[in-house]
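Here chain A shows up in two complexes: once beside chain B, once beside chain C.
This part shows the complex of A and B:
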């Protein structure tokens, strides 16, 4: 596997898996606006994943669906942060904001890549991610301003912090430390990142569910 | 004036780029049929090479399910002209809501969708979306408030007009 395919898969798998996790709120979010927001964010993330899988598929001589769905759990390159099943609001918001903040840093670096095709896609993705970041920050501000919300959010952020660091390569992590610390106005604990390459047990369950329809159809079925 | 040989009159007239643009301009956006895909600005270029018709297509929002439908409608329209379609999907930052034509924007407004504000040098902020001057497509008032950043499709957010007390859909700027 080339370095380029590895990079594309890391970003695409993050977006696909988190898109799936976000879609788990469809129909059951605390109120209708968030039901719509998380569903729409999920749709965007899966759209980004698809575009990146197309590039991978072209390099590997296959199609995007095969890349997205036909791998074994250990072959995914997603970060453990996006794999966690977190159907609890404070943790959902904590994960959403930590991921979007890390993803913004990653996109900034990809937009400056000398791989012009990847830089162009990153720029396009970033136009949509702006709205995800505004949404996540709006929720962080809201919870931080609430006597009940703040401790719950802070606890969730501390729990997920090692996972958030694991989304980025080593050289981009200090930027995440700075941005998250500045927003929360405190120093984050100095912890070992939960690195990409390790997988949460929940990933296999997610993939089992996500690929069940595809696996039930005969090979070569057209959708 | 030179009279062309008789045989030339019996041939199928050659396709022109204008013919292709014209049929593409008749294809409605699958989700917002009030405007065409040409009004939407997703067709960046049309080139001809004999019967091969090469179209550069710049998608809107990347997860928009209408994109595949647009693509197949373009292919059908080009085949209808006797051409062989080649749709090239350009995935870079070249499509913006600024590419929606002036005519397209008016069609959107008339149908109750507030057209997008112009793309600025810096990405939008929550303050701008909450306090900016967004005009109600129904009554024209700018006394409107943001209800939800997200809406029924990726390209729209929801606002509420205090003037006529109607909700409306506002195109996001990208």
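This part shows the complex of A and C:
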């Protein structure tokens, strides 16, 4: 596997798995408007994953669905942060914001890449991510301003912080430390990142569910 | 969480009129904007949206007509027929773009 494929898969797998996790809120988000918005964000993430899988598929001589669905759990390149199943709103918002903040830093670096195709797709993705960041930020501001919300959010952020660091390569991590610290107005604990390449037990379960329809029709299905 | 209702108006394309699309409930304008975007703009169906807090809308809902002033209404008055007659009298054709 080339370094390029590896990089594309890391971003694509993050977007696919997080898109799936966020879609678990469809129908049960705290209120109707949020349900629609969060589901829409989830669909966008999956759309980004598809665009990236298409680039991978072209290099590997296969198709995007095969790349997305036909791998073994250990072959996924997603970061543990997106794999966690945290069906609780404070943790969901904490993860959403940590991921979007890290993803923004990663997209900035991809947009500056010498690989013009990759830089172009990163710019395209970033134009949609702007709204995901606005959504995440407004929730964070709201929760930080609330006496009930703040402690719950802070607890969730502390729990997820080592995972958030693991989304980025080492050289991009200091920027994440700065941005998250500035928003929270505090110094984050100096912890060991939970790195990409390790997987959470919940990933296998997620993949089992996500690929069940595809596996039920091995010859392929037409919709 | 206290929420306000924001009425959403949607324009399909530049130059068209804004039309009432529905409403969103949101705790503040930032939430309202994102929710309106997602509910009324994510499928490319809108070129612009207006958000108006419902309590900023001045409603008028009382229309009295104590003396039954029918003659001020135009029901039953066919402009089309009148125009046709006028054109026949003047001997001109209807404009081509009608």
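Heads up, the rule we're going with is that the second predicted complex is superposed on the first by the 219 of 223 C-alpha atoms of A that agree within 3 Å, B and C clash if a C-alpha of one lies under 4 Å from a C-alpha of the other, contacts with A are read in each partner's own complex, and residues count from 1 in each chain.
In the analysis below, a contact is a pair of C-beta atoms (placed from the backbone, for glycine too) under 8 Å apart; a residue touches a chain by one contact, two chains touch by 3 or more.
Here the structure is a predicted model, which means the values were calculated and not measured.
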* Asked: After the chain A overlay, clash or fit between chain B and chain C?
  -> clash
* To do: Name the contact category of A:1: first (chain B only), second (chain C only), both, or neither.
  => neither
* Look at A:191 in the shared chain and tell me whether it touches chain B only, chain C only, both, or neither; answer first, second, both or neither. => neither
* To do: Mind working out whether A:28 is in touch with chain B, chain C, both or neither, as first, second, both or neither?
  => neither
* To do: Quick one: classify A:87 as touching chain B (first), chain C (second), both or neither.
  => neither
* To do: Give one of first, second, both or neither to describe whether A:131 is in contact with chain B, with chain C, with both, or with none.
  => both
* Once the structures are superposed on A, label A:47 by its partner contacts, choosing first (chain B), second (chain C), both or neither. => first
* First, second, both or neither for A:37, with chain B first and chain C second -> both
* To do: Scan A:120 for contacts with chain B and chain C and give back first, second, both or neither.
  => first
* Scan A:213 for contacts with chain B and chain C and give back first, second, both or neither. => neither
* With both structures superposed, pick whichever of chain B and chain C touches the larger number of chain A residues. => B
* Considering each complex separately, which residues of chain A are in contact with chain B in the first and with chain C in the second? -> 33, 36-37, 40-41, 131, 134-135, 138
* Structure fact -> Touching chain C in the complex, chain A uses residues 31-34, 36-37, 40-41, 131, 134-135, 138, 142
* Partner chain A, residues of chain C touching it in the complex -> 3, 24-28, 30-31, 34-35, 37-39, 42
* Footprint of chain B on chain A - complex, ascending -> 33, 36-37, 39-41, 43-48, 50-51, 117, 120-121, 123-125, 127-128, 130-131, 134-135, 137-138
* Could you please specify the touching residues of chain B with respect to chain A in the complex? => 61-64, 91-93, 95-96, 123-126, 129, 147-154, 158, 172, 174
